[in-house]
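After this come two complexes, each holding chain A, first together with chain B and then together with chain C.
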Partner chain A sequence: MNIFDYVRPASVDEAVTAGAQPGAAFLAGGTNLMDLMKIGVAQPGTVVDITRLPGLDGIDTLPDGGWRIGALVRNSDLARDPDFAAACPAVAEALLSGASAQLRNAATVGGNLMQRTRCSYFQDPISACNRREPGSGCSALGGVTESHAVLGWTDQCIATHPSDFCVPLVALGARVEIAGPDGSREIALEDFLALPDDEGPGGAQLGAGELITALILPEGSSAFAANARYVKLRERTSYAFALVSAAAMLRIEGDTIAEARIALGGVAARPWRVAAAEAALAGKAADAGAFAEAADLLVAGATASGDNAHKIELARRIAVRALTLAAVGTPARMPALPASVFANGADAHA
Partner chain B sequence: MPDTLNPTAGHVKLGSNSGQPMSRRDGIAKVTGAATYAADNRPDGLLYAVYAGAGIARGRVTSLNVGAAKAHPGVVEVMTPENRPPLALDPDEKHHFFAWRIEALQNDTVRYAGQPIAVVIAETLEAATEGARLLAPTYDEEPARIGFDGGEAYDPPTVGIGGNPTFEKGDAEAAEARSAKVVETKIATPMQYHNAMEPHAIVAQWDGDKLTIDTPNQAIVMARGGFAAYFGIPPENVTLRSPFLGGGFGSKAILVGPQLLCILAAKLTGRPVKLTLRRDQMYGPVQHRGATRQTVTLGTDGDNRLTMIKHHSVATTSSFDEFIEGAANASQNTYATPVLKSSHGAVRQDTGTPGPMRAPGEATGSAALEVAMDRMAEKAGMDPLEFRLLNYAETDPASGKEYSSKNLRECYAEGAKRFGWAGRPLAPGMMKDEHGRLKGWGMGTAMFPAPMFQAQARAVLKADGTAVLETAGADMGQGAWTALAQIAADGVGLPADKVEFLSGTSDQPDGGVAGGSGHTATAGSALFAAGSDAVAKLAEIAMKDPDSPVFGADNAGVEAREGRLVRLDDESRSDSYADILARAGLSEIEGNGTGARNPADAEARAMFSHGAVFAEVLIDPDLYQIRVSRLVGAFAAGRIINPKLAASQLNGGMIWGVGFALHEEGIHDPRTGRPVNGDLAGYHVPVNADVPCVETLLIDEEDHFVNALGVKGVGEMGISGTVGAIANAVWHATGKRVTSFPIHISALL
Partner chain C sequence: MTLSISLTVNGERRDVPLEDPRATLLDVLRERIGLTGTKKGCDRGQCGACTVLVDGRRINSCLALAVSHDGAEVTTIEGLAQGDELHPVQAAFVECDGFQCGYCTPGQIMSAVGLIAEGGADDPEHIREGMSGNICRCAAYPGITAAVQDAQKRMAAEERKSA
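The block that comes next holds the complex of A and B.
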């Protein structure tokens, strides 16, 4: 690990100033940053510890019915907040399906959004990687690509965004509140996590010194509380990143879907949301035919970025599963194995 | 319990300590952190060493920025091939059947990714780590040869440790032609890494030409000799302390390069040095299990009896040394067959050299054999258990010898009963759980040799009625500190709390290797014999002492019980150890013992532990995620010294089987040869949620030949039946046959 300075600013302004210095990095829970520092992928000259900044640990409802969640709220605290979990159960389920209890206790909301890809070539400083070093190339192309993208990738980068939390957030249209040297701004999470294009690898849209202060869930986020699920496919029952995952939320009126939200995880550099897929569900009965159609629209245009074509079919199927489970209804209690296909009561295919 | 047949122990019998489910003697020390592992040692003046690993898999190091590393604050020295102190032996030579060719900075050649190419020694771990990074090596790189297709095939002269690559009984080709049914099964298994919780670590201190090392080791006294030879000093000059190991699984039995580098670094700097591998460094110089590609051909006659087993396995090894996973050998001793052929091929690739990894050969080979047996049962239209019973080996198929004991039939029966195997539908895809998940049941036979090595022990009976017994054994979490202490206490006829049991340092009598599932049998026999020897000497004194209540008992004999010698012809007459020693004016009496198998018994009998494993899997019908919902294993392994520890070993073995079947896979990039998933976030082993229900049944088994104690081994067997059982359950759920491990979702889609 390189030698670095450590500062602990007392206010957001101070943090922004410190973070704007070249080579500075914000330290929140440290569950990602410290690992990357140990393997030499991150080498900050200054570590700006933001964990004691005041006012960033609230979970508040907004006058319009939305939510404002401070960037320093721990993943487990948010998932276990009874009001929040009741209003946004798929978000809570996604959080609890991630990492391990110990990591969730340390990890923060802001850090979860900002966590780097798990692409193993990104994590290996010897490999060429456009995300680590723009213009150096992408070693994952032609390499081992089980965890890589099947949607929205270019030759610049085929990595996926690993977060579970972000998948239902994107489906809900969450926004990121950012403080920076030029004041504050807000940006949709979906735009914040930029896809690669022909010029660059994409990634979080955060300038020097910019600090995530909160996550905003818009008005109407709790409208899906009765029919919201997150499902995560993986080869180990717990403590593994998603091979593919899906968050599905339905507002059901009578026999028909009034409004639907669906996003896929593990398939692209950001959670994958397709307006046409959601539109196709609106006004339909919540049945297998409608779900299959929506799932097809979701994965439309998917292509393998390597030896991972099977993920396209899995993504389609997990979308159907998430919609099916959402239609069955949010479980009265958080399943013992959150988001698992082995979660209790996951009898969607009975 | 039967009397022991130990010939040197005519006056004693195995007492009341063995057989008890005693809790670990070291348990509290371990959970409170009081038990110190190698890396917990911090002698005064300690320096930290971190080695730089090669970023290429083949070629030469052309430059190292030693200046940059040395300029980093805290860095004391950089050791490269240019300034590394000399060794007395060439690390490129094989000096011992149990020694590997290793990398100790002998030159600038790179033979695999992660190979140590320089060592940075610093005042802090952080400085050494950064110094190693600053070396920024450059290379003259040659293309990496990785995998079966990228590597170079050859015929290996040996398999495992010095084993024969081929075995043939009868004419397999002719038998195949005569068989009514023939099924050929191909199975691939990946590279696997030991990944003990405790990484390899060493603290080395020189005092003149005396060397003290703290390092986890599974064969303490042998390792002492190995280290001494490399440094050209007598073995007595080396003290090796290894009281506890945080898991070894075979990777801590053989001397590895990083250990030498630490000792060399201590020599170079004249200060104590600690070197602890990072997790990512565990995927290179400290061995792994080679990948295999196996073909098992089974033939049966019209009555569904096996006519032949032909098992061929090709395994990967390194470009410069040889350890060939003896997978095909697993077919030699499991099912009755008149004709047998096992053979091995090998492929050289640019990785570190493989080594023995828990159940080497048996784990991989039985995975293939059990799938093959299941397919043949399917072809015969028979229940898999019925088919195995029909082909039950009454004598060892390879040698034709009688078994020293074999209670596998009872394992099958008890395991099946506990699992609820009866009524299992023959056809696949017939069962579902209440949530509509596919359910499947599979089984496999567990089998593992019951070897013994050589060990010595010492017992000292003291005037206060207590005893000290010692042997340089190894507790790697399996519970040797407890099970061996139980046997030791029985050896001296005392309750366990009156016995101080010492183990884990090289100045004790050689405890042999904690490997091959033979440690309890070997070191235990030595301890028991040492205890018996001390008691026999005591009895000798007492029976000749007219003042003793047991005077003149020679013909009838005495028995050691709870610190007293009791006359067998008159139990009211007994004498305490303390009194005997006091009257004789002795402060203590010493006994010595050896643990080794009686060569005549070894020659006459086939000796194996056995078991039957039953697995239930649940599989999502659309997404194909697999969960092993139940595992029941019934095992017969001779006398069980401690049922709690034995069950824990066997449960652990079965859980390892879950990892083998579903998770573990060491992946190297085929282009660069570098590990792709070289940490525990990427290299998966089961977590609690993967093993909701695992149960071990211990089946009684008396064995009068393995050793006087009747002890076999339980350390490795649990893996062997489990992998196949899970694969067979997956077939039973889905109708899809497994062709490679781990079983990926993509393979079932």
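The block that comes next holds the complex of A and C.
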């Protein structure tokens, strides 16, 4: 780990000023930053400790029925908040399927949005990586790529976004509230997590000194509470990143789907949401045919970036599974293994 | 620059001057305070050997920057027993063969104490999921699961008795 200066600002304004200095990095839960500093991928000249900033740890409902979640709320506290988990069960399930209990106790909402890819070439300072060092190239191309992107990638970067939490958030149209040197702004999470293009690798759209202060879930987020699931395939039962995952949420009226939300995780540099797939579900019966059609639309245009063509079919199938389980209903209790493909809503009711 | 921090470790106040802000909570506990029960395994938050309670919550002390936790209340494996009387989780690990080489055991036990406090140790499936942040390379998992379940029952019974 490189030597750094340590500062602990007392207000968001002070944090923004300190964070705007070249080489500064914000520290919250530290679960990703500390790890990256230990392996030399992150080498901040100044660590700006934001853990004690006032006013950033609230979980509040908004007058329009949406939610405002402070950037310093810990993952475990949000997932275990009974009102929030009842309103947005797929978000709670995604949170509890990520990392370990120890990490969830430390990791924050804002930090989750800012976490870096687990691409092994990004994590290896000897390899070329446009994300770590713009313009250096991409050693992942032609490398070991079983877990890399199958959607939205370019030769600039084929990494995936590692978050579980962000998958249902993107499906719900969550927004990010940001404080910065020029005041505050809001941006859709989907736009905040920019995809690579021909010029660069994309990544979190945060300028110098800008600090995430809250996450906003829009009005109507709780309308899917009765039929909401997050489902995740991984290489071991627990404590592993998603190979592919899906958040599915349905608003069912009578025998038909009034409104659907679905997003895929583990397939691209951001959670993958396709308007046409959601539109195709609206007005249909919640059955296998409708789910298969939506899943096909969701993975339309997918191409392997290496040895990962299997992920396209996995993603299609996980979308169908998530929609099927969502249609069965949100489990009355959080499954013992959150996001397990075997955790069926009907079983959980029994 | 010297940064002084003050921790309450197992009920005792510890003032620690830090010459270097890079020190993790794990390193301060082991190297500065001399409490070597907390183990360094992977040092990257992947194995759970360094698990301690900070303000009552289980975390990986290897990923905690010590200076950021100035003022915190820390409980380590050394703080569980009352004299010669083992904590119920410690006693259950002994009785249920919840370890083999023992290196991961302090982290396993601290994680189990955290899990039971969270109310997440109802049945083996919840215990296995709740303990997944603690790796045991001897694979003593069946004994660990039994120990956590046993301790949870014992602690719940104690609580009922004192209520």
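As a working rule, the second predicted complex is superposed on the first by the 342 of 350 C-alpha atoms of A that agree within 3 Å, B and C clash if a C-alpha of one lies under 4 Å from a C-alpha of the other, contacts with A are read in each partner's own complex, and residues count from 1 in each chain.
Methods note: contacts are C-beta pairs under 8 Å (C-beta built on N, C-alpha and C of every residue); 3 or more make two chains touch, one makes a residue touch a chain.
Computed from a prediction, not measured in an experiment: that's the story for all the values here.
Q: Touching A:Leu337, do we find chain B (first), chain C (second), both, or neither?
A: Touch partners of A:Leu337: chain B and chain C.
Q: Is A:Thr51 contacted by the first partner chain B, the second partner chain C, both or neither?
A: After superposition on chain A, A:Thr51 lies in contact with chain C alone.
Q: Once the shared chain is lined up, is A:Met1 touching chain B (first), chain C (second), both, or neither of them?
A: both
Q: Which partner does A:Ala322 reach: the first (chain B), the second (chain C), both, or neither?
A: neither
Q: By the touch definition at the top of the document, which applies to A:Gln102: first (chain B), second (chain C), both, or neither?
A: A:Gln102: touches chain C, not chain B.
Q: Per the contact definition in the header, classify A:Met34: touching chain B only (first), chain C only (second), both, or neither.
A: Only chain C; A:Met34 stays clear of chain B.
Q: Quick one: is A:Ala85 in contact with chain B, with chain C, with both, or with neither? Answer first, second, both or neither.
A: Neither partner.
Q: Of the two partner chains, chain B (first) and chain C (second), which one does A:Ser238 touch, if any: first, second, both, or neither?
A: Once the two structures are laid over each other on A, A:Ser238 reaches both partners.
Q: Under the contact definition given at the top, report the residues of chain A touching chain B in one complex and chain C in the other.
A: Residues 1, 3, 38-39, 237-239, 337 of chain A touch both chain B and chain C.
Q: Any idea which chain A residues touch chain C in the complex?
A: Residues 1, 3-6, 8, 27, 30-31, 34-35, 38-39, 47, 49, 51, 76, 99-103, 105-106, 237-239, 336-338.
Q: Quick check on the complex: what are the chain C residues that touch chain A?
A: 1, 3, 20-22, 24, 43-45, 48, 51, 57-60, 62-65, 67-68, 111, 114-115, 118, 120, 123, 125-126, 128-134
Q: With touch defined as at the start, can you tell me which chain B residues reach chain A in the complex?
A: These residues of chain B touch chain A: 55, 73, 126, 129-130, 133, 278, 280, 434-437, 618, 620-623, 625-627, 662-663, 667, 669, 671-672, 674, 676-677, 681-682, 684, 686-690, 742, 744-746, 749.
Q: In the complex formed with chain B, which residues of chain A make contact?
A: 1-3, 38-40, 118, 120, 124, 126-127, 142-144, 233-240, 243, 310, 313-314, 317-318, 320-321, 337, 340-342, 345-350
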